[in-house]
Amino acid sequence: MSIWEYANPVKFLRASGIVLPWIVAGAALCTVVGLVWGFLTPDDYRQGATVKIVFLHVPAALMAINAWMMMLVASLVWLIRRHHVSALAAKAAAPVGAVMTLIALITGAIWGQPMWGTWWEWDPRLTSFLVLFLFYLGYIALWEAIEDPDSAADLTGLLCLVGSVFAFLSRYAVNFWNQGLHQGASLSVAPGERMSSVYRYPLYVSMLGFFLLFLALVLIRTRTEIRRRRLAALLAREHRA
Amino acid sequence: MIELGKYATTVLSAYGISLVLLVAIVLQTVRANARARRALEEYDNRG
Amino acid sequence: MKALLWRDLQLAIRAGGGFGLSLAFFLIVCTLVPFGVGADGGQLSRIAAGILWVGALLSCLLSLDRIFALDHEDGSLDLLATAPLPLEGMVAIKALAHWLTTGLPLVICSPVLGILLHLPGAAYPWLVLSLTVGTPALSMLGAFGAALTVGLRRGGLLLSLLVLPLYVPTLIFGAETVRRGLMGTEVTTPLVFLAGITFATLALVPFAAAAALRVNLR
Amino acid sequence: MTLISVRDLAVARGGLRVIESLDFSLSGGQALVLRGPNGSGKTTLLRTLAGLQPAVAGQIDCPPDSIAYAGHADGLKPALTVSENLSFWASVFGGPAIGPALVAMNLTELTARPAHTLSAGQKRRLGLARLMVTGRPLWLLDEPTVSLDSNSVALFAAMLRAHLAAGGAALVATHIDLGLPEAGLLDLTPYRANLTRRDDRPAGFNEAFA
Amino acid sequence: MKALLWRDLQLAIRAGGGFGLSLAFFLIVCTLVPFGVGADGGQLSRIAAGILWVGALLSCLLSLDRIFALDHEDGSLDLLATAPLPLEGMVAIKALAHWLTTGLPLVICSPVLGILLHLPGAAYPWLVLSLTVGTPALSMLGAFGAALTVGLRRGGLLLSLLVLPLYVPTLIFGAETVRRGLMGTEVTTPLVFLAGITFATLALVPFAAAAALRVNLR
Amino acid sequence: MTLISVRDLAVARGGLRVIESLDFSLSGGQALVLRGPNGSGKTTLLRTLAGLQPAVAGQIDCPPDSIAYAGHADGLKPALTVSENLSFWASVFGGPAIGPALVAMNLTELTARPAHTLSAGQKRRLGLARLMVTGRPLWLLDEPTVSLDSNSVALFAAMLRAHLAAGGAALVATHIDLGLPEAGLLDLTPYRANLTRRDDRPAGFNEAFA
């Protein structure tokens, strides 16, 4: 059976209905455990209690990027293979991704106040996140603005495509423009070198939680969108008949 | 109770705002889903 | 193709929308900024390059909805789409016409505004060069945004929201070129990046814009 | 020579089929008048044939670059004069000179007037004159006589007749009588899509639910 | 009257043009400026107040053509002019709707953007206060400009050109209020002038705008 | 009761007189059909009577707030639904409820549709329904039947007849036959302004040269 079978809304609704409870349960469990565990970790000798923010900040930041990636893939699938579910999934992911970006930005800002002595610094990391947030806003606004759903899917797909390229370019441009204060990616560095396991394990759990949460939200929202489309199609047909 | 020291407001506000945002998106998602499901069911029952 | 370019230029001049106005907007933005930030010369001269680039970008933005919206409203776009010229070519021509009526005048007049903002002397050649290289990308990206929003009534603000994030790399490299030129440090890197972005945009974006137009016409 | 032939065509608007299983063909010298009540899908059909929107099902065969479409809007630039407007379209389509078209639609006195100073009917006449300078054999016309007085309708009928005589063809959606008795009639009412059955013959999203 | 206000708000929200967009534009302008002028915190904080005011002004400007142009194109304006409500009242209502969908959200969100631009803490109350007092004048003057240009196809750029000079006094006193509040010097004078301008504008400009509309309708 | 009376009226467009020395009056129950070739000044005359542009000479007497004008554009907001559009105009004009108007123009099935999804004729029907909710006695209509199919033209004629029966009046510029034999006819051709004489009866700037 090909994976494209799930591009059929009925099959998708059925299959997602089966896995959804598990994902929701996992998401709730991991998020709660990760965040509570993170909240209970001991203070860092340098950053004090503020390390606890990392358990929100990093997973949110990662999911913010991953959500955009997922939207890009889904848009491509729609543009090439014209499966409605993937277009709707891209639409469903955008608000979740935007919220994740917002959380990363806000927790970062709050963290920056004690660490760097400023709420906001035009550091490349932060700046490129701000730009990413703008892309999310534009994408959502375009979906909202276009009435015809298929046209909206096409146009937002194109925007996502071009936008991804330019978001990527912005990332490098911003790096070039200002060398920042933000720490590099520590997770890619050998474990223990920068982050002790006291923080690492709860961070992993929290990241898994955010991932599952994102998945659950996107699935539910996609189901919502499918039902809305179905109802709108039925009503339109009824009106016209 | 755990000791947050001088960073109490920082940490608590970070957690607070993030949780509010997460709960908001979750609630919005669930509500919209319930509404869409109900509307479709109503339509189906109507015929 | 030539006819289309010629008509667009003619319309820009006749309808009172063309050369003069975006230039005037540029001028006004550049004069408003000193009112806002205070007229301290030293400070102005430090931010001048950036303000000039941001001003150029905004005045480019304001005339974007002219690219396709009018042609859509009066039905010309439908007719052009059935005409024997590829939609990609049409998009490119229209972006070119937009650049000729908006970008080019800005480039030519930017030194004058540099004087108003106390831009230091060493920066002038770099300002003109970076604007020359960068503004075509602004017009082309703008045409893409205009193609996305053409079906929407009065998509002006939405258009800005879509297009401005796309302008970020161009703006950064453009302003950076001027700033480096001013400080006398190495200038080639940002300039090369700027040129690269412009060429890539000119080569690829017409296809995306034409696809968006096709969707909006149906 | 067949200029267009349509087989089992279905067209959709707003995600719903409006016309189904339409078959017809048109060859040089023929005109076909499209009739149907408001909202029956005339505009949608013409736009689909012109290639502005995709068909949902069926087949449209016509030689490339043979269609000139004239919709509800005339495609005039208010700031340009009558002759500038017409020359523009002539050079875009690579069609013939504009003189005969101006004469045919009685626009010679208005050549130097900017289009925005024309009255509704004068604008329409200019829009119709554009058809002649496209040099295309197949005209798809959507309510061409809107706002025209009876003299102008007669002018238009004469122009159409000349086009047919020169081997062209035309498909004209209209609610009024064109004074063109030789034209065939195509009433869209029998082809109206049957939307009461729920799950078959979709137009877009519904196919996934079939 | 109430029906008109309600319809305008409804349209602003439905057409995707409303609250969100002008805010997003404001956000983007404030993001772009640092890209242009460089990220030096000290310098940014010096120009922040001015940039915020200029940004608010520009995002107000971009939505001005919504006020009358759409109504003119679809014929509503003709019909409203024959309706039993004075044209002056209609202008005032439409300016109010514009302020509610543009100015008010800007006022509410300006502190957040202040953070981005490193606006010093002492300036926040003055920023919000000056924007609250000043933005209604921006909407009203904008309505006047929109009334002047309503007959013109795509008068957007011309509109900016006409309106921006009218905005200068508001901008000067508004930015000055924030700057003085920041330095702790006496703030009442610019604030009083700002309020004076706003009240005079609200009282007198509707008549001028209605007169301009009447001319453009015939 | 006289609803409008016009004496020695001259109207101008683009700085030139188009119609001169026009006299007519209309009382409750009467309809007048305005005829004239394209560009003869029908639109200009109606806009002048509606108070949208000033008359060049002559006098227009009509009670205040008695005119409802319907021009080439319908004044519809694409984003609002049919009933929202109509209710808006009802509340602006303080007119009657929208129900009867919807019924009269056969719009009941379309009430929840956003106006931008209507076909050309459906839009026009909505534009005409607006007249009923203005509650104004004198209707000035500029080519009201554009894009309407024959059924809808009949609906419109019925609506007009009901309006006349209720004591209203109407002045209708049209090129087609409305099926309203009781209506008077006013042909504008004889009133066309004579522009060959140079120095008298100016419209605007020229008067300085008189």
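The letters A, B, C, D, E and F name the chains in turn, as written, and every chain counts its residues from 1.
Convention: a residue touches a chain if its C-beta (ideal position, glycine included) is under 8 Å from a C-beta of that chain, and two chains touch if they have at least 3 such contacts.
What you are looking at is a predicted structure, and each value in this text was computed from that prediction instead of being measured.
Student: Could you tell me the least number of steps, going only between chains that touch, from subunit B to subunit D?
Tutor: The fewest steps needed to get from subunit B to subunit D is 2.
Student: Work out the mean Cα position per chain and let me know which chain is farthest from subunit D.
Tutor: B
Student: Please state whether A-D or E-F has more C-beta contact pairs across its interface.
Tutor: So, comparing the two chain pairs, more contacts are at E-F.
Student: Measuring centre to centre, with centres taken as mean CA positions, what chain is farthest from subunit C?
Tutor: So the farthest one, by centre of C-alpha atoms, is F.
Student: Using Cα averages as centroids, what's the distance between subunit C and subunit F in whole Å?
Tutor: The separation of the two C-alpha centroids amounts to 45 Å.
Student: Using mean CA coordinates as chain centres, what's the gap between subunit B and subunit E in Å?
Tutor: 34
Student: Counting only Cα atoms for the centres, state how far subunit A is from subunit B in Å.
Tutor: 15
Student: For subunit A and subunit F, let me know how many angstrom lie between their CA-based centres, rounded off.
Tutor: 56
Student: Find every residue in subunit A that makes contact with two or more other chains and list them.
Tutor: Expected reply: 131, 134, 137-138, 141, 145, 177, 230, 234.
Student: Could you say which residues in subunit E touch two or more other chains, in rising order?
Tutor: 15-16, 21, 24, 28, 35, 38, 73, 153
Student: Give the residues of subunit D touching no fewer than two other chains, as numbers and ranges.
Tutor: Within subunit D, residues 14, 72, 78-79 contact more than one other chain.
Student: Where on subunit C does subunit D make contact in their complex?
Tutor: For subunit C paired with subunit D, touching residues are 2-4, 7, 10-11, 14-15, 73-76, 78-85, 217-218.
Student: With touch defined as at the start, can you tell me which subunit E residues reach subunit C in the complex?
Tutor: On the subunit E side, the touching residues are 15-17, 21-22, 24-25, 28-29, 32-33, 35-38, 43, 46-47, 49-51, 53-54, 57-58, 62-63, 65-66, 69-70, 73, 152-154, 156-158, 160-161, 164-165, 167-168, 171-172, 175, 179.
Student: Within their complex, state which residues of subunit A touch subunit B.
Tutor: 31, 35, 39-40, 43, 48-50, 52-53, 56-57, 60, 95-96, 99, 102-103, 106-107, 110-111, 113-114, 213, 217, 220-221, 223-225, 227-228, 230-231, 234-235
Student: Which stretch or stretches of subunit F touch subunit E in the complex?
Tutor: 47, 50-54, 65, 67-69, 71-80, 84, 87-89, 91-94, 130
Student: Can you list the subunit E residues touching subunit A in their complex?
Tutor: Per the stated touch rule, the residues are 15-16, 20-21, 24, 27-28, 31, 34-35, 38-39, 41, 44, 115-116, 118.
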